[in-house]
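Listed next: structures, encoded as structure tokens.
The following pair of complexes shares a single chain, subunit A, combined with subunit B in the former and subunit C in the latter.
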Partner chain A sequence: MRALAAVFLFVLALVAFEGGCPVVPAYAAAPVTDTTPADEPTASRPGAPKLTVADYPTYRGLNSRLTVWVAAQLHLFFAAFVLGVPIFVLVIEFIGWRNGDSRYDRMAHEFIKISMGAFSLTATSGGILVFALVVLYPGLFAYLTRVFGPIMMLYALLFLAETACLYAYYYGWDSMQGRRKPGHMLIGLALNVVGTVLMGLANSWATFMMAPSGVDAQGAFAGDVWAAVAGPLWTPLNLHRFLANIAYGGAIVGAYAAYKFIAAGTPEEKVHYDWMGHTANGIAIVALLPLPFAGYWMTKEIYAYSQQMGITLMGGVFAWLFIIQAVLIGTIFLAANFYLWCGMTRFDGANRTAHLVKYIAGVLVICFLVWFTPHTLVMTARELAAIGGAYHPVLGPLGVMSAKNTAVNIMILATFLTYQLFRRAMIRSVEPWMARATRFQVAVYVAAVANIVWLGIYGYYVPANVRIGLSVPQVMTTLIAIVVCVAIDEVIAARSERIGTVHWGRMPVRAQYALFTLAVAFTWLMGLMGYIRSSIRQHWHVYTVMRDASADAFTPTIGQAAAVVSACTLLFFALILFVFWLSGFGRDRGARTALAGAGATP
Partner chain B sequence: MTGLFRVGSYSVGLIGLFTAFSYYGIPQLVPEPPPTEERMTDAMTTGEFVAAGARLYARACVLCHSGVGDRAPRLDAIATVWRERIGDARYRGSAKNLEEYLRESMLEPSAYVVQGFGKPGTGDGESPMPAATTGALALNPGEIDAVIAHLQSAAGAEVTVAPRAGLAAGAGRPQTEAFAGEKAPDAVAALQKFQCSACHLLPGLAVEEGAQLPGPDLREIWKTAANRVAGVNARDFLAESILFPNKVVAKDFEPGLMPEDYGDRMLVAELQMIVDYLTQER
Partner chain C sequence: MRAAIRNRVEGLIRNRPSWKIFETLLYALGMGAIFYLVDVLSMRWQGLALH
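Our next item is the complex of A and B:
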């Protein structure tokens, strides 16, 4: 019955979205005989309010910006987690169902159980955010409501549908096995569709504030809600957040598995949580690999919308934040690879490929250092004189996008190579063509790296707008190399013989801290990038149409922003560790015993 | 609980590392405060008007027109290149002189796009620059005039625009309080008003013999000001040093000591008087 209710609500929401619900305000449909020029606000089509400091109430000495910032960031952390997890849970459930392997099913169930624990915190933080906006920024909230009122109503309805789907999906898990499994997966699909639509709706408010559409230069809303939703940055942000949510969900459940592994009291538990951590790390990395490209697209669209905003982002004071970003992403890559390298100790045959690890580590570190190198530095006259110019004579060229794009593509290839070695450690080629295919794969790697490096060097000799465009063939080179190597690997793996035994649970504890590193760095990175995305509006609530007249309209220093991001991360980890701890009261002992002694790769 | 404590402690340590790097590994720049509207009056002198234009230019234009990163063309040679540009086959405007060309470039940036600076895919047919009266720039007509005056002055051309009274305000920007207060009658009075001699040795102002002052000696700055920064003349160098004191810091002196709010407190006329006074040959 719960499942039926969820489906009913979902269908109701879809009907409302299609037209059953008035998504356009009534006044927009009424005949208009207004002869006022389009950029002049009128009584029926008022512009964005022009606020003064007096329009911003204060509440018990709370810093308004800080309150909304922390509430929004916490909500985004939890929302990303609870939207990302069901996506890969459904995939894992499907794999288990297709293969008839109940271990996948149980792992998927445990993943969604953690997500359930975080769901109420998502709703709570969302409620705090809305109340904080209404109380502390009433002018802004009123304007956003004027534009997005119908969408906000739809959002509330869809949130109900999301809740119903999630409850039906989780509580129906055990009873909807066997012949009822496809029905259960349909509920999972509905959960993901509703969740993704919810994300898209909420994204439209953020992108409207960055790049308003559907309003004129004065902020007067013309009445077309869709025009306001589908702004120039909406689709890139949707894609970026969709991928990031999956990667983030993988990283957090990886941290859960790591915590459980460390706290495990029996070898069976270690086996189970080792496998879970391995799967979670894989999910996080697979979703992470295309993320930089989604980021490039987003940045390109920001430049296309407003060069001034783009330059503020990449060339002004915010440019330094990308050095912090480089450190965080470098940490993520190194932690994920370190975990995989540690994971090779599970295989008896791993010594055949283990010697290559040091070279991959070297490549990763070199690429990280290139990515980390700043270009245009804000320096004092003394520093300028000491360096001999605005750029460092040796390291300066490494700071430009050509070098950074080259470095990140090679990092991605190196990480993928680690995965390949990991897989190869488990199998042995039995036919001569397999050796030739492997040599072809090596050639693909060499050609890909050569092409990426050549395009990087070429970038130094062409104008900036051409140079930015070179990131596309570099990315395509990386993706083609990965797709070709995966295809060849699949064919080889299907015809090879397995060697040795996989000893799940034979994993050092330090590898579990690598999983935690991944989760912490991901969370901090999300907080940082969220701050950058939001603050490039500078002193505008809604860029160019509604100015922030509050006392907090200034841009904080990097250190101040970092302190807030850290506080949000700490708060999130305190709450999520509480969720992890609570999940220990669950009933998954069956899952752990089922995996006990499992020798083959699950 | 032990496991929880261990992973919790590890997470706190890692977050602490990221925070420490952001504080100590990255320079703590203080971003510009939100802009205020420049108040133009027809009582301003040309020097005051040009200085107001310089402030607007630094706030709204320099981010792109700095010569860094191929963002937008530099404008220091605009006094000579504008003729070539309006003679170019790609020119679609109607300007007849430098003032018209600059105004047209700000209001209709696509009238002429310098080669290599157009929007990607438009073959330099469309400029990525928004009209200066719109969007985040949102300069009012008086501010546009002031920027033109500054650009003409900086390029060594005759300043052909003058401040006009009663011009519309910008997009909701609060007005600056820069012109509040009693104007100093002359340069020495202005130097005294802002207590410049507390840190600098200045011409015409006595200082206790042997005093160790935290700022450089400016009694003979007129001899060297023109050579401090390549391409920047003595007057502009001194004006910028007063408004943005940390941009160029004299050798052996600490940055960050001189207040950075003279742009808000000093009248344009006072700034001009001080610059005139310090650049006077003695």
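Our next item is the complex of A and C:
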């Protein structure tokens, strides 16, 4: 529990730090590309190449875009996983070391073992992606190399360092115990620092293609590679991916724990994997809660960079994919909450708070429905006439962002309340001030929800720029409520009695399917949102600078995009199941004996 | 004697559910004021006015 609280506070601190940066977009001080592409390159420096269909080689009838799409998507799934897992592994290892509890250490080791299995697949899919780009999109790759050449070399070196750190971290686990543990954790820290820098460098290529900087209107590179890296979307994407990687890593190892829980042959194994699943779910939730805010920031920066791009994103054909996004995120919230509700059966004191679960479920379902209510419905002329317009007379107002922001903030608060009830199920207040502090927490929730709803309704009566701006106080309200409640909970928990024992392993199998649902929904969501982020460039390789002249320079239909994303998700799970199987393949009898001797988990 | 009576009266008041609700609403009002301040400041931070 303390581990989760520590991770949560760390994430919040990160968000607060990032949020504290000036809102002024980075590109305000950087060379800004003209949104109208000029025809002539500058005389001194070559501009971006102007390609024709003939410049795109084909290979054995392969669809070039599809090949690159699938390779990039798989690489991103694996990369997100192997970058996210070491972050929380290090935190868990640190907690185990501080508490002198070897069970944390063993769990962290098992998490990193799964990551090891996925690491080679990350490298393989990355290699396939690079080769596919070189072979199928040589013009684009040559241009990107011209701009990012030094960064690509640095990336290769850092990848080597990442590999060295990961191998040293994993293989040194058993030998670097006791006095050598701090050294081992330093290797883990280095692994995370290198991994995060790697992610940042790779992100810069994607953000450069969306919002180029460091080049002029013709795409001529000015020579300052840092200006090309630190584009207007770079920092928001870094933050968004950093948080998403942790959440995704948590969701995938949660699926691993669920898989092992169902397959467990002994009660000890059930206890261990139940605890592991619980921890993984907690990690996923903790990183998920601030994720929508990072997404808002990213979207805001997209709008600030190019309003046209923003409207394509939220108001054009992609708007329908945001309805699918809402369904998937709603699924994630419901699955995560359901798992926590099922998890309350592990505690003897859970019956005191169990009656509140149905109200939380009701709030979540109502907010979920509001979130995925579309603004404009797809209707026939007859349906339009019957309804009296393009918007539903009652549900129409729920289709706009004011309602959706309100819904998602309340969903986050409801999820946090579930988490809080889960913690409270284990403890009993022993002093009168604790009851008063709990009443204060109730008041915080009441005031926060009232403020969020008020801002949501107020948004209907103000101009668009003010309405968009209102999302910030809504987010701040949610974050303040969570921080205040976490702080009070920590104080109460430190001075309370624990009720009974925690019956780890006393968990229904259906709760494990919630963990599978979480992993699948996360993967699907990442594929979908990655597609949207990339596709808002439309017919540009590098937005407004380098045009895509290939035969595939069109926006796929929603159905086609959904099919490709779904196929990528299936492919990823086929591969990750192999990794799961592989990670248990070498498990010896000694490990089982150690598990049997470990007793109940915390 | 006086202290005992006062304790008794305070105990009666404080242990009544209505007092607990009143206390909670009082806290909520205070937090509401803080959140309103947050609304104003975060809008000003963006160069916008709440009203």
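Please note the rule applied: the second predicted complex is superposed on the first by the 536 of 602 C-alpha atoms of A that agree within 3 Å, B and C clash if a C-alpha of one lies under 4 Å from a C-alpha of the other, contacts with A are read in each partner's own complex, and residues count from 1 in each chain.
Simple rule for what comes next: contacts are C-beta pairs under 8 Å (C-beta built on N, C-alpha and C of every residue); 3 or more make two chains touch, one makes a residue touch a chain.
Quantities reported herein were computed from a predicted structural model and do not represent experimental measurements.
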Of subunit B and subunit C, the chain that contacts the larger number of subunit A residues: B
Touched partner set for A:Leu328, first subunit B, second subunit C, both or neither: first
A:Ala447 touches, of subunit B and subunit C: first, second, both or neither? second
Which superposed partner A:Arg547 touches (first subunit B, second subunit C, both, neither): first
Touching partner for A:Gly559 - first (subunit B), second (subunit C), both, neither: first
Partner chain(s) touched by A:Gly469 [first = subunit B, second = subunit C, both, neither]: both
Partner chain in contact with A:His539 - subunit B first, subunit C second, else both or neither: first
Contacts of A:Gly315 with subunit B and subunit C, given as first, second, both or neither: first
Partner chain in contact with A:Ile480 - subunit B first, subunit C second, else both or neither: second
Subunit B and subunit C footprints on subunit A, overlapping residues: 465, 469
Residues on subunit B engaged by subunit A in the complex (per definition of touch): 2-4, 6-8, 10-12, 14-16, 18-19, 21-23, 25-35, 63-64, 68-71, 116, 118-120, 128-130, 134-138, 171-174, 246, 248-251, 255
Touch list for subunit A against partner subunit B, complex: 50, 217, 255, 258-260, 262-263, 303-304, 306-309, 311-312, 315-317, 320, 323-324, 327-328, 376, 378, 380-382, 385, 390, 463-465, 468-469, 513, 516-517, 519-521, 524, 538-540, 543-544, 547-549, 553-559, 561-563, 566, 569-570, 573-574, 577, 580-581
Parts of subunit A lying in touch with subunit C, wherever the complex brings them together: 23, 436, 439-440, 442-444, 446-448, 450-451, 455, 465-466, 469-470, 472-473, 476-477, 480
Residue ranges of subunit C in contact with subunit A within the complex: 20, 23-32, 34-36, 38-39, 42-43, 45-50
